[in-house]
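Data first, discussion second: the structure below is written as C-alpha cells.
Note that the chains are named A, B, C, D and E in the order they appear, and that numbering of residues resets to 1 at the start of each chain.
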Amino acid sequence: MTDKKKFLTVFAAAAMLSASFATQGFAQTIKIGVNEPLTGPFAASGTYVVNGAKIAADEINAKGGVLGKKIELVIEDNKSNPTEAAAVAEKLITNDKVPVIMGAWGSSLTLAVMPKLLEYKVPMIVETSSSGKITTSGNPFIFRISPPSSVEAHAFKDILPKLHIKKADFLVINNDWGRGAAEDFGKVLKANGVQVGYVETMDQAAQDMSAQLSKMKSSDADTIMVTTAVEQLTLVLKQAAALGIKKQIVTTGGSQNPDQLIDQAGAAANGTYHLTTFAPWFPDNTPDPKATNYFLGEWKKRGFNFAGATESFRGYDGIRTIVAGIEKAGKAEPAAIAAAMWDVNFTGLNGKIKFEKQGPAGKESGQSIPNVYLIKIENGKIELPKL
Amino acid sequence: MLEVRDLVCRYGKVEALKGISLSVKQGQFVALIGANGAGKSTTLRAISGVLSSAAGQLSFEGQDITRCSAREIIGRGIAHCPEGRRVFPDMTVDENLDMGAYLRPDRAGIEQDRERVFGMFPRLAERRQQVAGTLSGGEQQMLAISRSIMSRPKLMMFDEPSLGLAPNIVEQVFDIIDNIRKSGTTVLMVEQNAYSALEMCDYAYLIEAGVIVLSGTGEELIDNKHIRDAYLGGSGH
Amino acid sequence: MKRYLPWIALIAAASIPLWLHDPYILNAFITTGIFIIAAMSLNLLLGYTGQLNLGQVAFFGIGAYTSALVSLGFDVELIGGIRVVHEPWPVWTGLLIGIVVSAFCGYIVGKLSFRVRGAYFVIVTISFAEVVRLVALNWVELTQGPLALTSIPPVTLGLPGLGYYDFFSKQSYFYLVLGVLAISYIIISRLVNSRTGRAMVALKENESLAVSVGIDVTSYLVLAAVVSAGIAGAAGGLYAHYLKIIDPDVFLFLYTVTMVIMVVTGGKGTLAGPVVGGLIFGFIPVFSRSFVGPELQWIIYGVFMIVIVFVLPEGIVPAIEKWFASKDKSRMPESTQAQVQDAS
Amino acid sequence: MTEFLQHIVNMLILGSTYALLGIGLTLIFGIMRVVNFAHGELYAFGAYFVYFVSILLGLNFFLSILVAIVAGCLLGALIEVVLLRPMRGADIDTTMLIMIGAMIVMQNGEQYIWGGVAKSVNTPFPQAPLVIGSVSVSWLSVFVFFASLALIAASYLLINRTKLGKAMRATFQDRDTASLMGVNIQMIYMATFALGSSLAAAAGALLGPVYVISPQMGNIASLKAFAIVILGGLGSIGGATIGGFMLAFAEEIGAGYISSGYRDAMGFLIIIAVLLFKPTGLFARAERIG
Amino acid sequence: MSVASVAKAQPALSIEHVAVHFGGLIAISDMTFTVNEGEVVSLIGPNGAGKTTAFNIVTGFLRPTKGTVHYRGAPLTDLKPHEVASRGLVRTFQRTSVFQSVNVFENVMIGLHRRGRSRLWDTLLALPREKASERELRTRASEILAMVGIEHRARDLAGSLAYGDQRLLGVAMALAADPSMLLLDEPVSGMNATETARFMELLARLRGLGMTILLVEHDMPMVMGVSDRIVVLNYGRIIAEGPPAAIQGNPEVIRAYLGEGVKKRARGS
C-alpha cells in the first residue's frame, strides 16, 4: 500500500510539472509543427533548436504575427527515434492540423518523416540534417536551410589552398552525416591535389577514440578532418592532445559549437579550424547584423548559455523561413505554403535563404545555400583567421 | 536446556514432521536416529532457524526461540554442523573458521579458539591456506566441525557426521564428537549409523516418518529389535 | 466463452478503421500492432520455453532489411571479387524472403546459443544483436549503413499480369498488420496447444524430467527459435514497408526492451499477454504525450512498468484469469477442461 | 612499433576503468542473481555527482570523487531496499525488468534535472600530456589509471580480507550455510548492491572528467560492463578485472588494425566465441552441482 | 503396455564394471549387475552409496568414467537422456517428478510425447492427422490415469496434488513414455502407509504386465515386499545381492545400514 501511495505522489507531481510544458492554444492562431528530439541521444541539440524556434515565434508574435494572426508552435519530442519521428509528424498533421512543420533534426529522423509529408502533402523545413538523400529523393515538400556536406565541401574548395594541406586523414562519426562528409570532402580534396589517408569512423555513442587517434598519430598525413557533434568533438580534441598529436585539425559540419569546445576542451581546442555556417562572435560580419544582435540578445536574456547559439540559430531561421512562406502564401494552408516557399527570399542569420531546386524533375525539393565560414580557435578565443 | 514441543514442519504439501517432542539436558549427548527421510535433518533445520516450523514450540535455556532467525539462534549458542559438511568450497580453511566465528566480536578469543581447533586437528593447521573445496571428505568434515566450534556454542548439533566418509574416518569423527561432549558441550546428533550413535549417547530418540516412535537411553535402545526393523524393514511392520 | 474471446477481439479490432478516423491513432495502432507481433514472437521463446532472448530485435531488423533489400534491389561485391546483383522483386516476395532469412538466422543462433542457458544465453543474444547492428552500420555497400535504406516501396500483393493490390492507405495497412498478427497468433496458439507446445512447456518447467520422457530438448528449443525468428522477421518486414525507411537504428536495444516489457507485463506464457501488454505500452506514450513533458513521459513509462511488475508480477492476463477463475470457482482454464471432457 | 606501444598504453588505461565497471556488476550478479541494467545509470550518477559537487558547489576535485563514491553507495542501498527487497525470490527476468524500469527513470531523470547538453569537469591536472619516448598520455588519464587500480585493489581486499567480504563470498558459495553462521543475508544483499553501485559511481566519477557527462553515457557503460562480466565469468572479481583489460585490448587492436567501424563488434565477437567454447566465461569455476 | 513377454532370466539391462569419478571423488568404484526381463530389482544402500548416480548413468544423465551399460544387447553409454528414453528405458525422479504448474492430464500428455505422430505441418495447418493423433493421445492419457488411479484429479494442477498422488502421477508420466523398463527413484518416499500400499499394488499390476523394473528405495518393508532381487550398494560398490530374505539377514548389509559398535559392541548382531 505504501508503495502505491508513493507512486501516486509521483504521478501527481508529474501532472503538476506537466503544466509548464503544456502549450496554450487559442483559437485565432496559425499553428506550426516542430518535430525535434528532446529526449534520447540528440536531446541536447534538439532542445537548442527548439529554444531558437521559440525566440523567433515570440519575436514574430510581438510584431503582430503573420496574416493578422499569432503563430503557435506545437512542439513534439521525437525521442531521437525514427518510428517516433514519423508518428509525431502524423500527430502534428492530423491531430493538430498544422499546415507546415519544422524538423526533424537528424537525417534518419527526417527521412522517416518524409513519406508522411508526401502522404498528407504538408511542407517541412529541414533545419539540421545534412544527408544528400533528403533533397534528392524526389520529395517536393522538403525545403532545407542547412547545408548538405556537398555544399560545405564546395565552399571549402576556396579555403583549401590557404591551409597548405598535403595529406589528410578523416575521423568521422559513423552516421549519414559523418560518412557523407568524408565522401564529399574527400572528393574535393582529391580534386585539388590533396591526398586522402585513413578514413576512420567512431560510433555515435563512443567516448574513447584514442585507438583511432593513435593510428592517425603515426600516419604521415598533416591534417585530420573531423566531423561529429560537439560532445564527441570535445573528446577527440582532448584525446588528440593527450596523445601528443600536433597535426592541423579541421572540423566540418557547422554544428561544433566552438564556445562549448573552448569551455570543455580547454587548451586542446587551441589551433583548431572549424567550418561553420553562423558566426555569432562577429555579429557585424554576419549577413544581417541587426537580426544577429537581436537573436543573441534574446538568447542571453532567456538565460541560455552563449555556446548554444550556434545550434539554436537554425531553429530561429527555420521558423522565420516558415513565416515568410506563410506570408507569401497569404493563407495558412499546406499546398499554398509549399508553393510559396519557392518565392521566399530573405536574409537569415547565415546568409540568403532562397530555395534552389534539387532532385528529380517535377518533384524537386528546395535547398537553400548558406554561407560557410572558417574560424580558428586561438588562445581560448575565436578568430576569423586571416588566410 | 533445549525443549522441543509438538514441532510440525512442512515442505510445501509434505508434512515432514508431524509433531515431534524431545528435550536435551545440559551436558547431555542426545542422538536422533532413524531411517532416511524420517525427518531427522528437518528437526535440526527447524531448531537452527533455517526452516520455519508450522506449529509447535522451541525453547532454549528456558527462553522461547520458536520465531527466532538463524542469526539469533546461533547468537544464543546453538551451532548446527550441517549434513554433507557444506564447507565454503572457495574459501580457505582459515576463512571458513572465520565464518564460524562470524558473530563473535572478541578477536583474542577467536584466535585462542583457532589455536585450540588446530590443536585438535593438526591436519587442518597444515592446510590453513588451502581452499576448502580441495580438502578430502574427512578433512572437510573436520573443518565443518571446527567451524561450528568457533562459534563457542553451548549446544552443538551434528547432522549425519559420518555420511560419505570411509569407515576409519568415521571412527575418528565419532571420537572427536565424543571429546567435544567430554569438554562440556551439549550435543544433539542426527545419525543413520544407529549402533555407533546409540553407543555414544546418553539418550536417544528413534524417529520414523516424522514421528518419535521410541526413546530411551542408548543402552536401552541398542538391543531393541524395533531399531533394526526401522532401518531394514522387518516382519513386525 | 473464453474460446471465442480471440475471435471477438479480432472482429472488434477489424472494426476500428470503420469508426476511428484519426490517422494519428490509427498510425499508433499500426506501429503498436507491429510491435505486438514482435512481442508475440519473443513470448514464444520467453513464455513457453523460458529462454530470454534479449537480441530478438536482431531478427526483427534482419527481416526488415531483407525485405527492403529484396524489394529495392542491391549490387554488392563480396570478398574475392564476386559481384552479386539483385534486381528489385515484388514486395510480397520480399516479405516472405525476409521471414525465411530471419528464420534461418534463428536456426543458426539457436543451434549455437542453446549450448548455454540462463544469463549466459541472455548475453549471447545481446551480443548477436549488437554484432548484426554493427554489420548493418558498416556494410555500407549493401545496407547503405547509416545513410539508411529509403524509398522502400509499400506492400503490394499480386502477380504480374493479374494486377496488384497495394497496401498504401493506412486503413489497408492496418488490415495487413492485423492479418499478420492474427496468423502469427494462430501459428503460436496451434503450436503451444499441440504436442510441440507441451514439449516446450515441459522443458521450461523441468528440463531433466522432460528429457526423461524422451523429449529432445535442443531440437524443440531450436524449433521455437526458428518460428520465433520468422515471426519477428515478418514484423520487421511490415515495419520497413510501413515506415519506408530503415537504418541501423532498427537494431536498437530499446526495441527489444519494448518487446520484453510488453510480454512480461502482459503475462508471459499466455497467448493474450503480448497483445494486452503491447496495447498498454504502445499507447502510454500516445496518451502521456498530450499532458506531460518529454522526459516525464519516459519517467511515467518506467514507473508504470515497475508498478505493474510489483503489483502483478505474473502479468496482467494471468491476474485477470485468476480473478475470473476465483469468481467461477473452477480453477482450470476452459481449454483444458474441454480436452478432458473430450478424452473421457 | 610506436603505434603499437601507444595502443598498449591506451589499452591499459581504458582497461582499468572497464575493470572497475565490470567488478561492480559481477558482484551484484554473482551474489544476488540480478541482471542490473541500471548499472550504467549509477555510472552516470557518479559522473553527474562529481560535476555537481566540484563545479556547482566548488569543492575540491579529489574530495568530490570521494563524495560521489559515497553517494553512489547510498543510492545503491536505497535501490536495493526499495526496488529489489520486496521482490526477493522473484525470477531473474522480473528483477531484470524492474532494473530496466529503474534505468529508464534514472536516465530521463538525469536529463530532466541537468538537461541534455553535455557537462564537463575541469581538473587540476595540467593539460600538456606526459610524454615518454614516443608514447603520450594525459596526466588525468594517469591519475584515473592509478585510482582505478587502487579501487580494484581496495575491492579485492574488501572481498578477501574483511569480515563483510568473507560473508559476501560465503553467501555467494552457500547461502543456507552462511545464514547458519549467523550472516544476515538481507544485509549482505544490501551491502553487495551498495558496493557494486559505488564502484559504478566511482568509475563514472573518474571517467566523467575524462570524457563529457551526458544522460546517455550510461547506456554504453552498461553494455560494456556486461561484456566484461561475461568475458571474466559471472561472480569473479579477478575474472572481471582481466575481462576489462581483454575487452580494452580487443577494442584497441580492432580499431587500430582492423576497422574502427567494427571496434565495438570485437568485444561482442570475443564474447560469442568465449561462450561457445567455454560457456562459463574464461575464469569462472564450473558451478557446483547441488 | 507394449511389453513383450520374453522368457525370464534373459538379461534386459546389464551394467558392467561401471565406475564414476567426480574429480577426485569416487562415487561408484566398480559396479556390475543385471536386471532380467520382467524382473523387479531393487537397488538399496545407505545414503551416499551411489544409487542415484547409478540411475543417472543408466539413463544417460551422466557418463561413466569406466565401464559399459547395455539394454537388450545395445550399448547405452553414449546416448543422450532422451535417446535412452526412446529405447524404452524410462525413469522417475526423487523429488519433483511432475510438472507442477501444468494440470494432471497435461502432465500425462507430455509423457505421451514419444507416441505422438503429428508433424509440425500437421500442427500448423490443423490437418486431420494432427486431430487424430491428439484424440488418440487423449484416450491413452485417460487410460493411464485410470490405471494409476488418479483420473479424478485430471483437471487439477499437478502442484496441488497430495504428495502421494504426485508420485503416482510421476509414474503415470513414465508409463506414458511407453517404457519396456521402468527405473523408479525412491517412489514412495514421503508417502504414508495407505499411499505406499496403493503404490505396491500398482507395482504388482505393472509387473503382471511383464514390465521390467529397477527400483531405488529406502522404505524397506516396501522393498522387501515387491522385489525379486535386491542389490546392495555401499561406498560405490556392491556388497550383497540376492532375494529379500537373504539380504535382510546379511550381516554385511546390517553393518552398512546400522553401523557397528565402535568400542563396546562385537561384530555382527
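By our rule, contacts are C-beta pairs under 8 Å (C-beta built on N, C-alpha and C of every residue); 3 or more make two chains touch, one makes a residue touch a chain.
Predicted model only: the values in this text are computed from it and were never measured.
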item: Distance in touch steps, counted as few as possible, from chain A out to chain E; value: 2
item: Centroid distance [mean C-alpha coordinates] between chain D and chain B, Å; value: 42
item: Distance from the mean Cα position of chain C to that of chain B, given in whole angstrom; value: 55
item: Computed distance of Cα centres, chain B from chain A, in Å; value: 75
item: Distance between the centres, which are taken as Cα means, of chain E and chain D, whole angstrom; value: 49
item: Touching two or more other chains - residues of chain E; value: none
item: Chain C: positions in contact with at least two other chains; value: 137-138, 293, 295-296, 298-299, 303, 310
item: Chain B: positions in contact with at least two other chains; value: none
item: All touching chain pairs, where touch follows the definition stated at the start; value: A-C, A-D, B-D, B-E, C-D, C-E
item: Of all residues in chain A, those that touch chain D in their complex; value: 3, 38-48, 174, 200-203, 205-208, 210-212, 214-215, 217-218, 230-231, 234-235, 238, 241-244, 260, 263-264, 266-268, 305, 308
item: List of chain D residues in touch with chain A within their complex; value: 2-3, 6-7, 10, 14, 86, 108, 111, 115-118, 120, 122, 127-129, 131, 136-138, 140-141, 207, 210-212, 214-217, 219-220, 251-252, 254-256, 260-261, 263-264
item: Chain C-facing residues of chain A, complex; value: 3-4, 7, 10-11, 14-15, 17-18, 20-22, 38-39, 43, 76-77, 79, 81-84, 86-87, 90-91, 93-95, 107-108, 111-112, 114-115, 131, 133, 137, 174-176, 178-180, 201
item: Touch list for chain D against partner chain C, complex; value: 29, 33, 35, 83, 86-87, 90, 92-94, 96-98, 100-105, 107-109, 111-112, 219, 223, 226-227, 230, 234, 259, 261-262, 264-265, 268-269, 271-272, 275-276, 279-281
item: Complex contacts: residues of chain C adjacent to chain D; value: 46, 52, 112-113, 115-116, 118-120, 122-124, 126-128, 130-131, 134-135, 137-138, 253, 257, 260-261, 264-265, 268, 293, 295-296, 298-299, 301-303, 305-306, 309-310, 313
